[in-house]
Every structure is written in structure tokens, then in C-alpha cells.
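By letter and in written order, the chains are A, B, C and D; residue numbering begins at 1 in each of them.
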Amino acid sequence: MLQKARTENADTPQAPSGQLVLTLAGICKSFPGVRALSDVSLELYPGTVTALIGENGAGKSTLVKILTGIYQPDEGTIRLGGREVFFATAYDAHRAGITAIHQETVLFDELSVAENIFLGHAPRTRLGLIDRARMNREAGTVLERIGAAIDPQARLRDLGIASKHLVAIARALSVDARIVIMDEPTAALSHKEIEELYELIERLKAEGKAILFISHKFDEIFRIADRYTVFRDGECVGAGLISKTNHDALVRLMVGRPVGQIFPKRKAEIGPAVLTVSGYSHPTEFADIGFELRRGEILGFYGLVGAGRSELMQALFGITKPSRGAVRIDGEVAVIRSPAEAIRRGIVYVPEERGRQGAIAGLPIFQNVTLPSLSRTTRHGFLRLAEEFKLAREYTSRLDLRAASLDQDVGTLSGGNQQKVVIAKWLATAPKVIILDEPTKGIDIGSKAAVHAFMSELVAAGLSIIMVSSEIPEILGMSDRVIVMREGRIAAEFAREGLDAETLVRAAAGIAGEMPPMPDASTPAPLQGP
Amino acid sequence: MMRLLKSREILLAAAILVLLAAIAWRFPGFVRPANLANVFNDTAILIILALGQMMVILTRCIDLSMAANLALCGMVVAMLNATVPGIPIPLLILFGIGVGALLGAFNGILVWKVEIPPIVVTLGTLTIFRGIIFVISGGEWVNAHQMSAAFKALPRAPLLGLPMLSWIALAAIALMALFITRTPLGRAFYAVGGNPTAAVYTGIDVGRTRFLAFTLAGALAGLSGYLWVSRYAVAYVDIAGGFELDIIAACVIGGISIAGGIGSVGGAVLGALFFGVVKNALPVIDISPFWQLAISGSAIILAVAFNARAERRQGRLILRNREAAT
Amino acid sequence: MSETTQRFIPDRLESRWTSLLKSWETLLVAVAVFVFVVNALSSPYFLNAWNLSDATFNFTEKAMIAMAMALLIIAGEIDLSVAAIIALASTAMGLALQYGAGTPELVLVGLFVGLACGAFNGWLVTGFGLPSIVVTIGTMSLFRGIAYIILGDQAFTGYPADFAWFGQGYVWWVISFELVLFALVALFFGVLLHCTGFGRQVYAIGNNPTGALFSGVRVARVKFVLFLMTGLMSGLAAICLTARLGSTRPSIAFAWELEVVTMVVLGGVNILGGSGSIPGVFIAAIIMGLVTFGFGLANVPGIVMSIFTGLLLIAVIGAPILWHRLRGEKTLP
Amino acid sequence: QDNVRIALVVKALGIGFFEAAHEGAQEAAKELGNVEVIYTGPTDTTAEGQIEVINSLIAQNVDAIAVSANDTDALVPTLKRAMDRGITVISWDSGVAPEGRQMHLNPSSNQLIGEMCVKMAADHLPEGGGDVAILSASATHTNQNNWIAEMKKVLPDYPGVNLVTTVYGDDLADKSYREAQGLIQSYPNLKAIIAPTSVGIVAAAQAVTDAGKIGEINVTGLGLPSEMAGHVKSGASKSFAIWNPIDLGYAATMIAYNLATGQATAEPGAEIDMGRVGTVTLDENREGAMAEPFVYDASNIDRFKDIF
């Protein structure tokens, strides 16, 4: 049932000239107002990792959805091993041997880990009932294979975010597929898990699978991919062997222009403390947090996924209630009970979960942007549309948003462009302190540079930034100071000068360098809450 | 996690026991086994309907038309029995179930193929079904004397000390438990309600699953239709009027999340029983009938608040070594 | 290949008039005109100012509640206890009458009880984070139950003559007070929803409550206010209905909640929250009034009429979806 | 000559009793010749529903409205408006407050009905009397409440009858059934249930049958022969009473016709012709009674069960 090494068709990855597994030709797909894919072609070879890269909204995820039967192409053909196929549903694609780790989590909180992995293809008893024992056993095997220590009988909702991602990966690998698609699989994983994923990909390659790998992280593309295909604005603008290209060339293909400096940190004048936090604690999520943020400073927060950074930031923003501690803004004690109050005091938070906490799908772009600033765009409580469009245009154009119109539903934008709308929304409130939680997660390299440049601009203009990030280069490149959190506490604080990646990782993982236990509960969570 | 899963049902069972104890204090006769069996028998139809509604709610839908469906099926079998008394009762029951399934499928088709929100569909069919009863019956009642003896006897027939009605409910509970926990379709209900987008990605046809949930719920409503009219020995347009909200209340008291994806057969049954005990006990312990409505309303609110408390997420508990927290 | 990637993004793709023409409200107006014409052709009694005026009494009270309910449903909540609030408010007015209250006091009592019930619903929903559909199924029994406890098998009668004006009076010629009140209520809610920041927040909450919270919208407070307003409108409807009936029974306004919800949904409000408009609900109220009146003139039994209301609901909601489908615009999960 | 259009407005459509009344109205119409009967009513027994129906009748400018009201007071304003527009308004069966109608036709006098109910219960009590309970319809039904009041008035004349409680089944079969069940369990000494409602009496008889208490508890009250035939045969109900609903519909139509065509005026003391049923004399409240209730038992049930 599980993957046995299928040596019979395991061509060596260095010679992908073998039989094509999958050929896409002339694929077109339109959504109302958007041409997501036009005349796209793609080839996948056995035992080969093909990287698919492109800016946000280039059409990568759309292609994945077409390959997995979730969308149907308007035009074009899909050939599997030379035979033309049509996938009417996800089940068809699944049966044809295509499996995918999607960009969105495809999981069910109320079901057990094993059920999540085997939903739709669970082993049955002779009576046609689900064979639970076998299902749990096999789930255990798959999880082991990807090196995840997760109890197959645990309920998914009791797992941490990283473990959930591992379950999603296990789900994709639970079928004997010829083609494995990974849409930004490392976005939510920490250092250690990413390393394990790379090893897994190597093994899959050795087994002769064809792998389509989507990522915005260039370092990993160069590390694991053999071939590449670049999309720009729904078109295929280039393809070839990774070994025959380099970083700059790829970026140029992708963006259509050379990208400037990646971390254009400008020297900003560091002023007096704007935000002072002391003895800040929460009953269960973080304790004894104390730090100072100064005017014109970028303060980086590093930590492993689930270290409690987001919880802390959300408390500062008035979402969760802290139990103890004080916050001072410009030296004045501030009690922040709600986001509305935080905004009034000049603190804003760009959340990590874009879909749920950030963008408001269903509302047009301009209304998303003006939502926190309604007091400025209304007069006596009445809306003034012209003002709203003006404000929205001003900030979205600074972030180079790609959209058909300003009254387009935000939900129809690609992930990266949604993030731009969310950032624009906060900038429009003219804040003093911006908390950016994973600001460039899932953002393409061009926009990333734009966001970074923008951050520099902001601090130069006298704002202060707290940047939560799990990406070491970003932390190192952008921060003036770095605070490392571990298990809800501040583990270390570093100045930027002389800081290196290894120090950071060690601090985040625990001094001795040994890896801490996974911070999520794969063991049963205690019944009683606070 | 087994503990967590079970705790909600255990809490509810405890609440029911406390309730029974309180009633026993005022009226000891109420907790005699014979009377408790009676209460169960009285709640049997609500239980069957709650099981149907549970499936629908699990898929993040809602069926407001179940009571009207019941009434229509009840009228159809009663009229059939009155005009052709010779039809064997099992056949008649099957026919009722079939009609119910058909009506449920009509809801389901509108939800699946036309993608109208379920609450709107069933708000519409609720009135349509009632109207159809009026049209086919001409507004006339089918009374006890028009029904055949066998027709009325079945739910009352005792077997091992319990009436058939109770046995039918018990069988429905057992089959449903097996179906929900051990079949792919049963699990698909949870998937579809828990995360519909993800369900599409896993190859589950969300619409079709919902359609099946509605159809099965309709079938159960059809069964209840026969049980209802034979038990109360009368069929008319308004039977079980307003019952749709009772069914939903029972499910919600049983911890079935109205947002879909959460709930269990045990919960649905206990929720219905809770409701049944409250409704049955009031007249028995001689509380003024004018208090009934207010008391059952408060019970719903309390039960829901209680459930929500139990279900509230306890945070992520990042700080595990709390001794260091001081 | 073009060096500058700064693109211009237009405000809108189509003009506001085009989108208005394609809107739900246009469809509803067409349906309303159709129903009006059919009625006028099929009954000689239809085109009569007094009769049309009488017909408005059939829906004005429900429609007032529907206006507030529309906002509540757009915000992703629902209130099934509105009819029970009417019963409780009416009972409270009757009680006040027993203690010698005059017309102004009666009105105040009605409005206050409506507000209080709304506050109770709002408190349960926002304070405890309970799902409103369930909470209000509970309070529906509770509120009406209290009315039953107070009144039992009795009735309050003998409301003062000037109080009756709220339910039976005319402002000008055939234009009744209730109709004027309804128009004012509709205007108020229309402006509130479509022209103010508050209305914008209502839409935001309906589309994504978490996102709205993270955007600084005081979600709980907005929802609480919406429950208050729905309660207040129920209190207002209770005043009109009590004045119109001249008496209070605990069974007053029985089962109105589903009719109010039907009206709101027919008006194009998405039952799942996030979209809808007051003009839509306004026209839907009128359509329902016209349909009931038309069938009434033909002496069609109410229950047969309900078949058509049900079909109308499904058809009006389903038709545009099917139409989009046929044009190949597949909706995505 | 134009047809006289008489609207017979009932509490709710679909109730056997009112269907029978409709039959009587048709009979009267046929007899009178130039009468068109509009039989209508709301879907469920609410005052608001009846008001909607009456509004549309006013709009059609009918000649007369004869209504069996769901609420004594709530219909008054609407019916007043009907009278203002020149429509003859009478109530029958279940009345409207005097200012809302020209006259009211009681099926029988409330006093007679109340007495009859208690008498039927007392007749079949065992030696030494016993507990008796009332199972009524909705707490808001005028006529039910009047009858219960009359029953309570005559209780002192029947020392054996110990009235323990009144419960309400809302004219819903299941609720009435459950209420009856509650009575049986709460009052071990219960000997009779009086249900002055056709829905309640059937449900109570069924509950007694299911509890195996036939012979022990007697169900009586007001019911329809067609619906009660089985229970009389089984012994769950020894006897029950009802007036003839066909006659009632017939009489109401006759009166409405006579008033609408000016052949009679509704004023205290007036005698109004009701065709084959006789004449009715109005009291100072402009109310009159049609006839005495008729008692049905095993001896005569078969004759009537197919009629209504």
C-alpha cells in the first residue's frame, strides 16, 4: 500500500531525458476578470524535482488545482504517460496517481490524525466498514517515514500548526502516487522540519517520483530542484535545468526586471523609547516579557514556530488579555483592551494568518484598506467614497498591488497580493508602531524586496517596527536588534552587529544545541484550561 | 483525546441524572423504571429525528423542514391506510420512508445542484410541504377509527417489556452509531462540515455528501411520520407543528455544533432525552402549564452556555513548565 | 518586458449604473411589478386606494423588524426571538395599563422591553460567544414563556383610544401611521447600512468576524447594538400590533419570526452573512404583501398560499444562481 | 338580483368541525338561492391570520362576514372597519366582543354546555366520587374559557366531583396527549377527564387507552362522533356531547343573510329566523343560543359517526 522503492522506473535524476510522466500543453484558465493561466505548458520527469516559481498571482496554485482536478482548464490538454486525461474531480486525479500538498491546509480539526491521512481512501474490513486498526497502523508507518512523532489517534485540533503541516505531508504520501506536488510546503515549518522534508524529497526522487515544487525561497530551490519553470502573469516565461542558471537570471525571468538590493536597510536615526513592555505575562502562553522599542528601530523577533511570538503580539494589540505586566507608550502607561484602542494609540498589527485574520474576503480592496481608518474617511459617521478610493489608491500603489480594479473582491486576489492589501490597510492608519508578523511569508521575491524597502522607508520616517519572522536571512538583514523567544519566554537578545545564523538557531532551540521537544501537543492536552 | 471526545456526553448525561434526581425529590414516581421507559418511549420520535438532523448539521447545513416532512409522510401513510387498509404495515412503513427520503432528496438537490443555502431551501420547503398536506387531504383529518387496527398497534406492541416504538428508536441509534463512525460516508459528513474547502481537495463531493445527508434525514422523518400518526392515532395538516425547532434544540443541547463538523450520536440521543425529560416532567410534577415554555427555554440557553464552556479552547499552553513562571 | 511595472488600477471595472442594473434589486422590482400587474388584472378589487392601504397592514409590522434583522443577518447573526419579544413587550404594556399607564408610558414600556430583550440576546451571544441561532431559539421560548406566566389564559384589553392610533390611525388620506413609520424605519436603516461607517463595519463582520476584529472593529459591540436595534424594532412592532388588535394575548404574533426571516432572505440578504441591501428587503416586503393580498382577494386558503411563498423563495434565490451557472460562471468552493 | 356574498370565517382551515359547518352553510345557500358562500380562514388558529383574511374580505366588499373568532378582542378593530364599510358582521361558535359584531350566535348556551360536561363526568363516577381534571385547548380560546367558568359554577351541585386541575393541550394532538399522560400519572385517583375540545378529547381517550386505564378513567367532553366512535366502542369514553356543527353553519348563514338583506335587525330582544333550525332570541348583549348540546353514547354513536 505504501511506497516501495520502485526501482524498475527509477531513472537517475541526472538523466531526466527518460519518459515524460506528465505533459501539460496550452492550458488556459480564466476567472471573472482575471486570466490566471494562458497557454501554459509544463513537463514533469520521473525522479526529478521541478521547481515552479513566479510572483504572487502568477498562477502557480491555479495550475496545481488544475492538476489535482479541483479546477478544470478552459483549454489545453493534460497527458499522463502519453495518454490524454481529464480530471472532473479531485478523486479522478487522485486515482491517476497525482497527489498534492496544497498551499491551503486541507485538514479536518475534528477527525483523528489517521483519519485525516486516509480520508477518502481508508482501508476497509470485509463488511465495507472502515478498518480502524489497520488505518492507525498504516498512518503510523507514513508518519514515521516523514520523521514525525505524532500519535495517529490524536485529534488533529490538539496539534500545533507545524505538526498539522506534517500531517498534510503524510496525507499526500499515503497514496502510491507517481506525481507529488508541493505548493509552498515549507512556509509553516521550522528549521528542523524543513531539513527533514528535504531528506524526504531526496528519498522520493530516488523512488522515481516526479515532484513539482513551488516555493518563493530561492535558497531551497537551488538546493533541491533539478529543473525549473517560471510563470509570469499566467504565462510560462522560461524553463530549464537549475544547474544551467543562477539566482539573478531566475529573478529577472520571474519579475521581468532586475530586483534591487534585497535588504536595503537604511540607517535610520534611532530615537527614544516608543514602546516599553515590562513583566508582561499571560496565564498559559507567555511570561515575563520585557523589552523596549525605540523610535526608528526595527526590532526582530525570532523563534521556532509556536514559540509564542504571535500570542505576545496579539496581546500587545489587545486581542488576548495578559494577566500581568505593563505597557508604556511614549513613557505613558497604556492599558490596551481592544484592537480599536491599540490603533488609536498608534500600534498596529499585520497578522500572520492572512486569510482568517488579515484580509476580509467578500469586501472590495478599497473597503479593506479603509476599514481601520473609517474615522478619517467618514464625516459625522457618513461614508465618503471619493476619500476612500483616494486613500486606498495611495497606499496600494506604493506596494505595487496587482488587481483588476479597486472594487475587486479581496478574496479573488492571490495570497501575496492579499498580504499587500493588509499591509496597505495598516499603513493607511498612520501608526507609530507596526508589528509585522511574518510579513513576507508566501510573498514573491519582488514584492518581498518592496516590503523590505518600504520598511526601511517607514523607519526613516520615524516609525518603529516589530518584525516577527522565522526566516533567518530576513531577521539578520532587517533588524537593528533581535529578540529570540522560546516556549513563551525571551531566551536571548542580540544586537545586529556580529550576529550570525547559528547563534540564533541555538538560542531558539535551547542553549546546549539539542533540539527542544516539539512545542505542540501530540500528547493529550490537559483537560483543564486556565 | 478520547477523554475530551467523551467528556461532553458525560457532562450531559450527568445533567440529565441531576435533573431526574431533582424531579424524584418532588415526585418519586417519575423515576420508576416503568415511567422512565415511558419517557424514553415518548422521546423516541424526537431521538430518531434528532439523529437525522445531526447528519445534516454535521455537514454544516440545517433542515427546518423535518417536521413538515414528517407531517406529510404521516398524512400520506395514514390516507393510504384509510383507503386501502389491506396494505401490510411493513410495506406501508417502507413507503413512508421512501416518501420521506424523496422529500429530503428534494431539499438535497436544491442544496447540491442549485447551491441555495440550506436554511433558505428548508424554510421554503417547510411551507411547501405543509401546503401539500392541505392539498392532498383537502384539509381533512384522518382519525383513529379510519386507521386499521394493525396500523395503530405496531408502535405499541410490547417486546421484552418495551413497546416497539422504543425498539425502533434503539435500532436507529445503533445503526446510526455504526454508520457515522465506521463508514466512509459517515466520516465524510464530518469532513464536509468541518472544512468544506478541504473536503473538495480530498476528492469528496461536498454537494453530493450534503444531498445524501438530507436524503437520509428525510428517510428518518418519513419513518417518524408513520410512528407519529400511528402513535397519536390522528393525522392532520398541523401535526408536529413547530417541532422543527425542538429537533434542532435537541441536537444543540447534545453538543452538535451548529457550525458543522462536531457532534456524536451519543450527544444527539442525550440531547433529545434531556429535552424529553424536561418536557415530560413538567406536567407530571404539576408545574403550571404556563411555566412550561419559559422553563424549556431557559434549559436550552443553559445547556448551550454549558456546552460552549466545555468546548471553549483552552489556548495553546505554550508555557508548560509553570513552576518556573513565578 | 516593460521596465515599469507600476500599473494603474481603476476604481471600478463597470460604472455604478451598470452594476445597479445587474443587481438583485432590479430583479426584485421586476417581480414586484409583475405581481402588481397580475393582481390588478385578476381582481377588480385590487386597484382601490383603500384596499391597497388595508393591505399594507398585513406586512408593515413584520417589515419593520425585517429592516433591523437584515443588518443582523448581514453581520452573520440571526434573531429568532423577535415574535416572542413582541409577545413579551405587548404583555408588559398590558401590565403597565393595569397600573394606570397612559399612552406615552405605554409606548415607552413597549420600546424599553424590546430593548431589554435585545440586550439579553446580545449579551448571551457576544458575552459568551454562543451561536445566535441557538440562543434565540432558547430566548424565543423564554420570552413567550414569561408572557404566558404573566397572562396565563387572560387577556389585556381596554387600551386607551388614542393609543389605538398607532395601529389604526391615518396620517394623511389613505396613508396609515404604520406605513409612514415603516418608511421612516426603512430610510433610517438604509442610511445606516449603506452610508455610514457603522454599516461598513456590519458588512466587514459578516464577511470575516476575525478579520474585522483584527482591523479594529469592535465586533462584540457592533453585534450587541444590532441585537439592541432588532429588539427595539420588535418593541416598536409590538406597539403597532397591540394598538391594531386593541388587546394582548400571550400567543400574539405567533410564528412571525420565520416570516420575517423569509422577507429578509427574499430581499437578497445572504443568510450566511456578508451581503445584502435594505432596498432589497424593502421591495421584498412589498412583494410579500402584494402576493398575500392578491391571493387573499382570490380567497385562496392561506396554506395553499404558503406553497407559493415557499416556491417564490426558492425560485427567487435559486434562479439567479442557476442563471449564472448556465452562463458558465462556476462558483468555487 | 345580485348574489348575496356571505363569508364564513373559521378559526383555521382543516378542522373537521368547521368543515361540517361549511356543509351547513352550503345547505343554507342552496335553500336561499341567491347566496354565495365564501368559506375561508387562516392556516393556524391565530388572530393575526384571521385579520389578514378579513382584510381581504373587506377589500372584496362582501355583504356579510360570519366569524368564529380566535380572539375575542383582537378582531374588534378590523371588524369595526368592516361594519363601517357597510358589511354585516356576526360571530358564531367563538364570539367577538360586542362592539366588534352585530350579534353573536352561541352554539348552545355556555351555561348548558358547562353543566352538561360536569354532569356527563359525574354520571360515570364510581360510588363516592373522585378526581376530575379538565383538558382544554388553548388558554386563549374564548368559548373554552367560558365553558370552564360555567363548569366551575355548577361544581357545588356535584359534591362527588373533585376538580383537581386544568391543563392546556393547545389543540395539538401530541401536546394534548402528553398533558393527558401527565394527568394520569400525577393523579392516581383520577376518575374522569373532561376535554371540551374535539382535539383534546380524542388525544385524552388515546392516552387512557395506551395507559391501560379503560374502565378506570372516563374521558368525556365535547367531540365529534366521527372521531370519537372508536373510543366510545372501546369504552375509553362513556359519553360525550356536541351540538350539530352542520346546523350551526346553517344557522349562522341564515342569520347573516337575514341581517344583510335587512329582513332583520340585530338588537336586544330581536327574534331572528334561522330557517329549519328555528329562531334565535337575542339577549341584552345581542347574543343568542342555537340549541342544547346533544349527548352521544354507545347507543346512538353509529347513527351519527358517518354524518359529521
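Criterion: contacts are C-beta pairs under 8 Å (C-beta built on N, C-alpha and C of every residue); 3 or more make two chains touch, one makes a residue touch a chain.
Heads up on the chains, UniProt names are A = Sugar ABC transporter ATP-binding protein; B = ABC transporter permease; C = Autoinducer 2 import system permease protein LsrD.
The structure displayed is predicted, hence computed values, not measured ones.
Colleague: Just grab the chain with the largest centre-to-centre distance to chain A, centres being mean Cα coordinates.
Modeller: D
Colleague: If you tally the C-beta contacts, which comes out ahead, B-C or B-D?
Modeller: Answer to which pair has more contacts is B-C.
Colleague: Could you please state the distance in Å, as a whole number, between where the Cα atoms of chain B are centred and where those of chain C are centred?
Modeller: 29
Colleague: Rounded to the nearest whole Å, what is the centre-to-centre distance of chain C and chain D, using the mean of the C-alpha atoms as each centre?
Modeller: Computed from C-alpha means, the inter-chain centre distance equals 37 Å.
Colleague: Round to the nearest whole Å and give the separation of the Cα centres of chain A and chain C.
Modeller: So the centre of chain A lies 42 Å away from the centre of chain C.
Colleague: Would you please write down the residue numbers of chain D that are in contact with two or more other chains?
Modeller: 13-14, 43-44, 139, 168
Colleague: Which chain B residues touch at least two other chains?
Modeller: If we look for residues of chain B contacting two or more partner chains, we find 130, 134, 139, 197, 200, 237, 290, 312.
Colleague: Got the chain A residues that touch at least 2 other chains?
Modeller: none
Colleague: Could you please write down every pair of chains that are in touch?
Modeller: A-B, A-C, B-C, B-D, C-D
Colleague: Could you pull out which chain D residues touch chain C in their complex?
Modeller: Residues 13-14, 38, 40-44, 46-49, 51-53, 55-56, 58-61, 71-77, 81, 97, 138-140, 145, 168 of chain D touch chain C in their complex.
Colleague: Show which residues of chain C lie in contact with chain D when the two form their complex.
Modeller: These residues of chain C touch chain D: 43, 45-46, 48, 51, 54-55, 57-58, 148, 152-153, 155, 157, 164, 167-168, 241, 244-247, 249-256, 292-293, 296-297, 299, 301-303, 306.
Colleague: Please name which positions on chain C make contact with chain A in the complex.
Modeller: 1-3, 5-7, 9-13, 195-201, 203-204, 206-208, 210-218, 274-275, 329, 332
Colleague: Quick one: in the complex, what on chain D touches chain B?
Modeller: Residue positions touching the partner: 12-16, 19, 43-44, 139, 165, 167-168, 172-174, 177-179, 181-183, 185-186, 202-203, 206, 210, 226-227, 229-231, 305.
Colleague: Chain A touches which residues of chain B in the complex?
Modeller: 1, 3-5, 7, 178, 182-184, 187-188, 190-191, 194-195, 197-205, 261-262, 312-321, 325
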